[in-house]
């Protein structure tokens, strides 16, 4: 029996399988060495980078919710230059594409961060976070308004020759409208979903649990919403999609593929099990082998409605 | 020790405590006799009624998801006239306010259903569902567009002298905008949230699990989103609010009260435990008694941010 | 009723099939065969919903511990198919579960003196044991046709035989009883003066229902559907009634109008 | 490392406090006192996240069953405070849990010959037993100051005494040892040539840290924070470093830079 062909390509980024790690849930990669083989997965996505180092929010920053978690990390990161100097060299020796997730506190900053990454051979592509719901400035406006999103995407497009993935927010009335806007503005691929905005309350203290009051909901709880949005966008937009949201195992991942995703990202699952991404990749291949499906490509968007 | 005062009032509807049953999860009330005392709760909300009897969607109509469930019942109901003739008489003898949830397949139908209920003394108030995401016509447009919502609310306002609660959809970019629109159009109170639109896939069959493809997500999974929306609307709108979404126990319920809700509705929890609403009411009172809080009214919106 | 029940025993009776006995209040002795229970496996949100199981048996026993009179029990017979039943299979004596029961409409025994023909496919046998016990107690002549894919799917036949039920076993692969479908074996025995009570996969029930109708034999079927509430409130578990059309829809709740239906009540196409 | 571990025993040592022993690979013998583990209670999504616990003990034992050499174990001492710890307390011998360990940075023993002063508040005692064992094996003189609200919160003192540790107990209500805060008792004994290792509620750690700093005694504290990943990836568990300001922020990960910090590393205001 020949092994199923698990390889996929997103906007020119060739991946050995469709399993990527989601931004903000896999550190800068090195944290997971010893728990999985970085060369067993399709691609790694870095923590979201900004122009300057960013402190993030006060604590508490995370809280468990039913079937999920809220985070209000506040996009703490080392900044794009430190990433290039300190984190990227290690990753260059790993034979797995590195995709850099980035955001700007202002429109201009988006362009500037993209520009700094453009010359870096170790960067296989960028993922533009227009959707982070945690920060007051930045993400929130761009990700929920089609015009603002287009401005960001156009500016980044003008500052990069790398494959550009735009990451969509689920906190919108019409995700298809946002997807089309980003496609028109020059995105090479779309990833979805980022976190749903939520809140948790400490009853006895009569206070929000998170110092930031609201945070982003991730984990299995959001999977049905994510799956719905991927399916909706897949029907409406021709770009390759990356499905994200509550993927815990290979079956979850394959459901996103059927809904129309070319690849998927593993987020919260890596907290429960630092080897999750590798196990999911392995489990997907095992499923195809068992069912005699020759290639993952044949499953993309193969849902029968 | 005196018992805490649990009574609340929503737009003139006096309730012995803030616990209501959510539309579509408590049948027409009679189904739950034997599991709880209908006179132990604050109010009952009927299944959503339309002008004519409605068949609802093909099956499967429900599926469990992580920490939640999707439903695509398709608003199956006996129709407003059958409700008045067959269901209401029984409920008239129960000393608990009955609130009728209603929707229309067209704008006009909303007005017509409201008009038929207006003369009914057994109806304490109406809850206008502008937010059901299951039906192709009807709910979907009204609930996600401020202008359309206003039209519905104004029309119903002109056809009813009953207290009018408007039930908001969470599937919007800005729930505050929707809340303000409904307030301006004459709503006496707002209830939120209805279900989040989601989807489930049967991997082996390569088909959506629900015959309707998408459905409404309810249950504990959505609680953080619901809590956030109640808090946002409470800050922006003066109307009394009814908090709904993933309330499983008394602590959950009290969190919604702190966030700014005057009352709460118990939905999916009644499936797990048909006596849930009564237990939640009892548990809320016990919490206040234990903490020496004299009245539930003092907790409404008492979150310290 | 809703009550907390203690697991008394939970035994694997065949690979992947378990029989679990639980304490129950005396009122459950008033239940009818064909009714079911909804079980909450854990006091946590995973799995979230209750799981429905037919009543396999209801009865009384004398507990081992002194100072306690007879106690009522109920049993379920279940197949491990997913998360909930897997967790269920790990319970042991002393664990607590939360039950709603008796739910739904059970089998109508029908007039005395008929031949009562029970037809079970795989785990569909579960509610038929309680029914057989009831019919035998009423002095009826009972036959059981039990089918499965292979011999592991033929459950608790000795228990039926101990009641005095005449049993006919068939398996798809012939590893136990006749080779073939249970409906093929059944067809050879069909005649007048019979009443059929069937439970099993929907294709089997359809075959039995149509066969019974064509032979003029009255037939009741116990149906399955995904359920949330079990009490007729969510409208999640509906099936199409015989006269259902898209224009004049006629849906029946499996949990409240069923799970047992007269075969003429339902649409089989 | 990540591994499946079998529960060997799980005993309530004081009301609401449990001590659980689990199998572990030999490599865990290389861990340092102060390091911790992340435990997944059930293979389900409720509770979703792993729960962190300090290593209470690590060692070897000879299993009862024949044909098996010595086996490594680890122990945790935990207080039932919520859902996860409640489920944990229901586990028994033979149940499996999933562990990530050893995580984080443990205690630095410091130069030989000092007096090693351990300060534990309530469940904060947990990582100090492994530390005491280690220090005693190195031939150090070890004192333990253990405080709690009442005598039920004073845990496993006999175990420390058996190691030869001199113990000082205090409770808020005087039901065991001196009446008062552990810090009051500690203050009377503070002097030069000592090194403090403290674990407990943050207000206690703050008092100990400031007291130690004013007496010029080196002090390490083991901190807590809500955690998701345990490996430094989520940035959920940060504390403010000593020089943190809103303009020049300096956050430290409890899971990776800690849980043990030198008292000077952190901001206590």
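To keep things simple, chains are lettered A, B, C and D as they appear, and every chain counts its residues starting from 1.
The criterion applied here is as follows: contacts are C-beta pairs under 8 Å (C-beta built on N, C-alpha and C of every residue); 3 or more make two chains touch, one makes a residue touch a chain.
Not measured: the values here are computed from a predicted model.
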Any chain in contact with chain B as well as chain D: A, C
Centroid comparison with chain B (C-alpha atoms), farthest chain: D
Chain centre separation in whole Å, for chain B relative to chain A (CA means): 34
Interchain centroid distance [CA atoms averaged], chain C/chain D, Å: 53
Centroid spacing, where centroids are CA-atom means, of chain A and chain C in whole angstrom: 47
Contacts with two or more other chains, residues of chain D listed in rising order: 45-46
Sequence positions of chain A contacting 2 or more other chains: 66-68, 219-220, 248
Overall pattern in which the protein chains touch one another (line/ring/star/complete/other): complete
Complex contacts: residues of chain B adjacent to chain A: 65-68, 70, 144, 171-174, 196-201, 203, 206-208, 213-215, 217, 219-225, 227-228, 231, 246, 248, 251, 254-255, 258-259, 302-305
Parts of chain C lying in touch with chain B, wherever the complex brings them together: 1-2, 40, 45-50, 98, 100, 225-239, 246, 249, 251, 256
List of chain D residues in touch with chain C within their complex: 42, 44-46, 83, 87
Residue ranges of chain B in contact with chain C within the complex: 24-27, 31-32, 34-35, 47, 55-56, 59-64, 66-69, 71, 73, 76, 219-220, 248, 268, 270-275
Complex contacts: residues of chain C adjacent to chain A: 45-46
